Amino acid sequence: MHIAEGFLPLTHCVVWGLASAPFVVHGARSVITQAKENPESKLLLAAAGAFTFMMSAIKLPSVTGSSSHPTGTGAGAILFKPPVMAFMGTVVLVFQALLLAHGGLTTLGANVFSMAIAGPWAGYAVWVALRGARAPMEVSVFFAMATANLVTYVVTSLQLALAYPDPDLLGAFGKFATVFALTQVPLAIMEGIVGVLLFRFLAKV
Amino acid sequence: MAHLTALDDAAWQGPWRAVRVGEKVVLSVGLLVTALVSPPWPGCVLVAIACVALTCGPARIPPRTLAIAMAPALTFLVIGGVTVAVVLGGTPTPNAFFAWGPLWADPATVSKGVTAFSRGVSGTLSVMLLATTTPMVDLLTWLRSLGMPSPLVDIASLTYRLLFVLLSSALAIHAAQTARLGRISVATAASATGSLLIRSWAHAARLQAGLEGRGYTGDLPTLPRARSASPAFLATALAVVGAVWAANLAVILT
Amino acid sequence: MLTARDLVARFPGREPVLSGASITLPDGGRVALLGANGCGKTTLLRCLSGAHRPERGDIARDGVRLEHGRRGLREHRSAVQLVLQDAADQLFSADVTQDVSFGPMNLGLPVAEVRARVDDTLAMLGIEHLAERATHQLSYGEQKKVALAGAIAMAPSVLLLDEPTAGLDPEGVAEMTAILDRLHSDGTSLLVATHDVDWALAWADAAAIVVDGMVRQGPVAEMLDDQALLASARLTPPWTLRLAPRLGLRGRPRTLDEMAALIQARLTENRTTA
Amino acid sequence: MLTARDLVARFPGREPVLSGASITLPDGGRVALLGANGCGKTTLLRCLSGAHRPERGDIARDGVRLEHGRRGLREHRSAVQLVLQDAADQLFSADVTQDVSFGPMNLGLPVAEVRARVDDTLAMLGIEHLAERATHQLSYGEQKKVALAGAIAMAPSVLLLDEPTAGLDPEGVAEMTAILDRLHSDGTSLLVATHDVDWALAWADAAAIVVDGMVRQGPVAEMLDDQALLASARLTPPWTLRLAPRLGLRGRPRTLDEMAALIQARLTENRTTA
């Protein structure tokens, strides 16, 4: 779920941009270091980015009539670590904004924060915690991916509520969360299952 | 998945590809910022009109392409706009239009919803003006010339290139699954995702080998593209943005 | 019998690739589909398989028109299978057995039967040893066979193949030809797109040539001897049909053996008449 | 002159693909590299280009041994270029001009010269109209030409090509052959891997055949007429060299014209001697 172009007031765009910037710059720095040390990493990162983008072309069973698709940031965080996802997620969001009119440029900061920072970090934290607790790989994957998806959606709802806090922040948050929950919650669960099957697939090959 | 390439196809073909990226960015971002700070009338409406007129007029983008591009954004904007306009909880104001249980709306909230919706539409149209006339490669080359570090531009360029390789794989996987009577399910999505991931790795490895054969040692320098400046384009861009501001001011002052 | 009548097909925003193409694949037929790169061969195959919905025109199997609804497509696909040129794009499961079993499972067959079908198909193609292998580790020729196995396991009555021999070495071509002959003798109708006119002449009964978005169809030797048609299709005749007229020989030799026999006959004839 | 001596090469954890392969590409030579699928043709090309470092054996250009350090490789690659079979593996840039310019830019040439080289190369291949086009929108044949342009723009003295004619229609093959002829007349040495023995016989001076990880090299007509060698390499002789002995003809006709002339001569001879 990305916030469309023009939907956030200018001040919010700036604030979310500033909030995301350190993470993206940090991610970009580590990407540059990796690329210098190892020329192959450029191609691998590009493949990761293209793959994350293409996740939006994978069709899932329809939830609300229209077909939905996974966000893939949870898998990305597990496979490539959150800092890299902060940068690659930004690239993917720019591509989605310009190639698919999905998201936007002024809302980029907000969308990066929810999808490329909050989601991956939360998913990764769950992954590390569950693996640390010796949970089975499949359980860890399921919760990591579902969490990444859900946290993205919760943060987006919060961003919308902050922009349009009627009658108050909590009420607005509940409202936005409810409206988008219809599609997002089943999607998060499905993404968790896809993740489990995906890692099973990868374990085989 | 036709919409996946509709914008990109248009961007490569239109006559505005010959215009300098910086000039198109001035026009597009000028309109975008204008939309974001304007009231629905006249600012947002004028921005929207200007964008559609420019995109389908001089930039010669088929209206159908623009419509395909706008469809998903409009879905979000309609749902989002209505959600902003309708309040959940709190106490309905005396001049509320209706109050159904915890739901209500009054002129102030409806105005917020309409503003968010119209800024969304005109803002998206402003970005589409850039997106339908400028291929990603031109934007990335422009960013490189503005000082964006080369490794980052390289990675973004390679991502763009691999996107289309993977897109054709994704289409083929989908076709192969449906040909053998596969239905869209969590299982087919997972195996499609898995094979796509394997393919993206394999392709990256092959491209790496191909590039090494061409002398790749870490940098991907390519010929910078020279496009001549067009003062007329820039002047028109500023005039269009200026006209919207003038109309805004005129309405506010009266 | 699979027929297409007056198909018009295009990619969004482009000129039509097919503009009134008609083709007939008789039961048990072996038809070679020929034409230059980009002429629309693949699009025609995709239309016939139900993967691409033509803008206009009808596709019919045994006289029943294909409806592009869920049900119509399902029925069509259980009888008509398409094997793409790039096999790698067609394999989407982690291992070979899984991939080949995908279609039969979707047909709703009992597990035991699916297992039997997979085993039979792999055996028929001589690739039992690949059953447990990961799809992405297969060689090019192996991938081609596994992709074909995935289609054959559906037990289709019609098989559409896009360039099944492309990129294979002579031995690989011979193996693929033997597999096609086996399918033919089992009664499967085969429509094979190819660039190899020599192979088409030796193997097919009929040729369908795509020119300017339309299809011209007829007996293979006759079609491949039609200079004007081939020129407009940007094709070159097979070597046997180029050599024979150069030597003033009548007849349309389809293979090296037939060619040799024809020349031998002329040599003997010369000797006796002289 | 580019030579390889006793190359041993393998992929990690596998049997060696090359086990003592030697090959010589003389200056201005046209050598066809033949062999079954998976025999090691591509690996040999990759070794020769410096992309794959052989386990053992030497590669030398004009008598100077290739060192696999950064500098040695850089020098080698400015003279020796490899064009892969699948152009998509080689094209990395979003548009054609950018892609073709990569090699010359990487050589450190001034921008004006790079621009001139790109223009010249595109003109030579007859694809100026593609200069501003998106790589991903090119047809298969166009991609092949652009990948070739990327190599030619480096102005290499040696060009290694993997299956340049594969998947092309007859007109595309003719165009590609004309380009190779042009490069040959400009003095470029060409080593071309191919499955098409007929094409190899008509085009090349010499053939190098990969059998069991080794290379047998010699004049093309002689090599392709060596039944035992071809059988061990799992190859079939060209049709001209299969037809001639069947008719009891001496000589090794390399093209349809030569074949026709040979048979005509025999027919006339028959008439006069009889």
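Per-chain numbering from 1; labels A, B, C and D assigned in written order.
By definition in this document, a residue touches a chain if its C-beta (ideal position, glycine included) is under 8 Å from a C-beta of that chain, and two chains touch if they have at least 3 such contacts.
Heads up on the chains, UniProt names are B = Cobalt ECF transporter T component CbiQ; C, D = ABC transporter ATP-binding protein.
Everything numeric in this text was worked out from a predicted model, so none of it was measured.
J.: Report which interface contains more C-beta contacts, comparing A-B against B-D.
T.: Counting C-beta pairs in contact, A-B comes out ahead.
J.: Quick one: chain A and chain B, Cα centre-to-centre, how many Å?
T.: Taking the average C-alpha coordinate of chain A and of chain B, the gap between them is 18 Å.
J.: How many angstrom lie between the CA centroids of chain B and chain C, rounded to a whole number?
T.: About 42 Å, centre to centre.
J.: So the centre of each chain is just the mean of its C-alpha atoms; given that, what is the distance between chain C and chain D in Å?
T.: Roughly 29 Å, centre to centre.
J.: Specify, in ascending order, the residues of chain A that touch 2 or more different other chains.
T.: 201, 205
J.: Could you pull out the residues of chain B that touch at least 2 other chains?
T.: 8-9, 136, 157-158, 160-161, 165, 191-192, 194-195, 198, 203, 207, 211, 216-217, 220
J.: Name the residues of chain C that each touch 2 or more other chains.
T.: Residues 94, 135-136 of chain C each touch two or more of the other chains.
J.: Quick check of your reading of the touch definition: is the inter-chain graph here a line, ring, star, complete or other?
T.: Graph shape, chains as nodes and touching pairs as edges: none of the named types, so other.
J.: Can you list the chain A residues touching chain B in their complex?
T.: Residue list for chain A touching chain B: 2-7, 9-10, 13, 28, 31-32, 35-36, 39-40, 42-51, 53-55, 57-62, 67, 70, 72, 87-88, 91-92, 95, 97-102, 104-106, 160, 164, 166-168, 171-172, 174-176, 178-179, 190, 193-194, 196-198, 200-202, 205.
J.: Which stretch or stretches of chain B touch chain A in the complex?
T.: That would be residues 1, 3-4, 7-8, 29, 32-33, 35-37, 69-70, 72-73, 76-77, 79-80, 83-84, 86-91, 109, 112, 116, 119-124, 126-128, 130-131, 136, 139, 149, 151-152, 154-163, 165-167, 170, 174, 184-187, 189-198, 200-201, 203-205, 207-208, 211, 216-218, 220 of chain B.
J.: Report the residues of chain C in contact with chain B in the complex, numbered from low to high.
T.: Touching chain B: residues 12-13, 46, 49-51, 73-74, 77-78, 81-82, 84, 86, 88-94, 102-103, 106-107, 135-136, 150-151, 154 of chain C.
J.: Once bound in the complex, which stretches of chain A touch chain C?
T.: 201, 204-205
J.: Once bound in the complex, which stretches of chain C touch chain D?
T.: Touch residues, chain C against chain D: 35-38, 139-141, 163, 166-172, 195, 197-198, 234-236, 239, 242-243, 246-247, 256, 259-260, 263-264, 266-267, 270-271, 274.
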